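One structure is given here, and the rest of the page talks about it.
Just so it is clear, A, B, C, D, E and F label the chains in written order, and each chain counts residues from 1 on its own.
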Amino acid sequence: MSRLQPIEYAEASKAVRAVFDDIKQTRNVPDVNNFWKYLAHDPVGLKRTWESLKEVMAPGALDPLTKEMVYLAVSVTNGCGYCIASHGAAARKAGMTDAMFGELMGVVGMANETNRLANGYRVPIDPMFD
Amino acid sequence: MSRLQPIEYAEASKAVRAVFDDIKQTRNVPDVNNFWKYLAHDPVGLKRTWESLKEVMAPGALDPLTKEMVYLAVSVTNGCGYCIASHGAAARKAGMTDAMFGELMGVVGMANETNRLANGYRVPIDPMFD
Amino acid sequence: MSRLQPIEYAEASKAVRAVFDDIKQTRNVPDVNNFWKYLAHDPVGLKRTWESLKEVMAPGALDPLTKEMVYLAVSVTNGCGYCIASHGAAARKAGMTDAMFGELMGVVGMANETNRLANGYRVPIDPMFD
Amino acid sequence: MSRLQPIEYAEASKAVRAVFDDIKQTRNVPDVNNFWKYLAHDPVGLKRTWESLKEVMAPGALDPLTKEMVYLAVSVTNGCGYCIASHGAAARKAGMTDAMFGELMGVVGMANETNRLANGYRVPIDPMFD
Amino acid sequence: MSRLQPIEYAEASKAVRAVFDDIKQTRNVPDVNNFWKYLAHDPVGLKRTWESLKEVMAPGALDPLTKEMVYLAVSVTNGCGYCIASHGAAARKAGMTDAMFGELMGVVGMANETNRLANGYRVPIDPMFD
Amino acid sequence: MSRLQPIEYAEASKAVRAVFDDIKQTRNVPDVNNFWKYLAHDPVGLKRTWESLKEVMAPGALDPLTKEMVYLAVSVTNGCGYCIASHGAAARKAGMTDAMFGELMGVVGMANETNRLANGYRVPIDPMFD
């Protein structure tokens, strides 16, 4: 009935280890972070989530820094403490400076404000946006 | 008791017109969009919101396209229909291509998914992120 | 598989009619609004929701206008279109002026903004608030 | 100005004790959990919330396990730490296995993701769903 | 700058058609619904989202009806109009009766209410849940 | 990569000190609370946020107590722990009694519940509200 415990590499199943290995290699880190150690309780979900994330966060039309900042913006909007901490660190690692973080928070704050003003005033969509 | 009506330039007070003029000049558009015409019911709030938004969205450590995409990501997360339409258009105008939009939605979707996985598994923050 | 239809008084069961009658009498209105006509598909839920709402919205330590404005503030934050329309009308009926509505939206907007700034900057609670 | 303290049975009013007694008897537990001890600061709200919850969570067309898993899914979506802990425990007690929890989180995660994709792509409702 | 248009099978690329074919076959339907026709603007995201969804919604430790009701509960909590319509229909198709829907909404409503009560009263997690 | 530290007055820049001084004078407090000490990492955002907040929270058509309770209602709905603590304290300071807090939570809870019922039943807006 109590809280789940993280699954460490040493005690992980072969399927879980394969995902952990791929995370470590892709990110060039010595160990996976807690998110993956908890998700490992569902090896199928672990694999699906990692493969989706790897695909989504790979450089493409958007660069990794932009992607990490968007991830952080969503996590801040949703108030996910773990995600703010981990993706804040990831964004810093990808090159986000203090000045960029300050401006990012400014945009996230204003978007959350004006989203509610548009709701509250019941603003109809302009024909040119439709 | 019914829905508010937009305030058009011709019927606007001097204070409202001053804000509308600044929006039109700053954005180089012939008219302001509905959001401002409804917010004009509160001239003090109109001025405050516009001046904040102008400051937040100006180019700085982050470029205008990145800012518009972050704005869109927050609006999509909150499900604000008006804001998705208007900032989707603004992001396109600032240079967002179809490929960039597709990747942006991929990141927004994954962030919303993993935010809940971190909540549900009650993942504690790793010491290195704290 | 399609959308539910509203249940009108003429076709309602005795249990549903009893709730509709109480709503009409309490609010002094000739008919109940759509919310109740749809909720009538679940007569037990209809009765529970109405009785809870009647208790919660009755004048007490807070007056009805304050309660309606708080209801509207929550609905705007959640982006519930129906609730914004119906509780906006209810707040107007309870005495909310244009000026009060403008200031209410100002507070709702700022709260939604600073909620995210507090999240994003990971601000620890001051000892005096704890 | 500081945090409220829980109201324990020994110090509770007669009205609060009556609700606590009913909770303990209905759930067959030796003491109520913190949620009720804090809500006891508002005895009317305590009674209303408990009676509503008792009615809603009773076995009916849906079994208790399904209801607890839905409760958990909503709490995870909203990011309510207390509710995730307490309803996670309740769902386990009602029979949720590790495998069921893993699949539940998978559904909650995908729903939160695709909710945003539907928002972002501004997908119109298919006629057959309307 | 305007709204995206759905991509119909006849005009779809080979990669998109392959996903559409798999959806139609898996669900035994003559055409895919709008969600997929819009997501088709991002063929990589379309494939990833469909394959994840197919895996998540397959019968397992939880039956398809329970999964669809959880999906609906999350969509209702987030206020995603499209998802409420499409997953409401899917849940009906999987066997959700009117009575089940009424109880489901009762649980979703109470969870959303008590999530906020737990927040507002700042209820600490009971040791037995931790 | 780790958590930001608060910026205390002694180490603050001239621009930050000017805002801190205005907060202390306006609120008649010996020191600013943590929110401002963290936001000080972005002096421009600090000044903008404080000036907006000061304008929004000043007495006007709505009194300061009503404004603080609305702020608290939004913060509870969003689940912002810091904001619930700080604006709960501010509302108490402005005159919110235990009874008022209890009723406020009752309204916030019911609004969050019925917002979802309106979503789930897909209730169309009554013509009189439109």
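The criterion applied here is as follows: a contact is a pair of C-beta atoms (placed from the backbone, for glycine too) under 8 Å apart; a residue touches a chain by one contact, two chains touch by 3 or more.
Predicted, not measured: the structure shown is a model, and the values here were computed from it.
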{"item": "Farthest chain relative to chain F (centres taken as mean CA coordinates)", "value": "E"}
{"item": "Equivalent of A-D within the choices A-F, B-D or B-F, defined by over half of its residue contact pairs recurring", "value": "A-F"}
{"item": "Centroid-based (C-alpha) most distant chain relative to chain B", "value": "D"}
{"item": "Distance between the centres, which are taken as Cα means, of chain C and chain A, whole angstrom", "value": "34"}
{"item": "Inter-chain centre distance, chain C versus chain D - centres from mean C-alpha coordinates, in Å", "value": "21"}
{"item": "Contacts with two or more other chains, residues of chain F listed in rising order", "value": "1-3, 41, 44-45, 48-49, 52, 55-56, 77-81, 85, 88-89, 99, 102-106, 108-110, 112-117, 119, 121-122, 128-130"}
{"item": "Chain A contact footprint on chain B (complex, rising order)", "value": "3-4, 33-35, 38-39, 41, 45, 49, 52-53, 55-57, 60-62, 66-67, 69-71, 73-75, 77-78, 80-83, 85-89, 97, 99-100, 102-104, 106-119, 121-126, 128-130"}
{"item": "Chain D residues within the chain F interface of the complex", "value": "1-3, 41-42, 44-45, 48-49, 78-80"}
{"item": "Chain B-touching residues of chain F, taken from the complex the two chains share", "value": "1-3, 44, 48, 52, 55-56, 128-130"}
{"item": "Parts of chain D lying in touch with chain B, wherever the complex brings them together", "value": "72, 76-77, 79, 81, 84-85, 88, 104-105, 108-110, 112-117, 119-122"}
{"item": "Chain E to chain C touching residues, read off their complex", "value": "79, 85, 89, 92-93, 98-99, 101-103, 105-106, 109"}
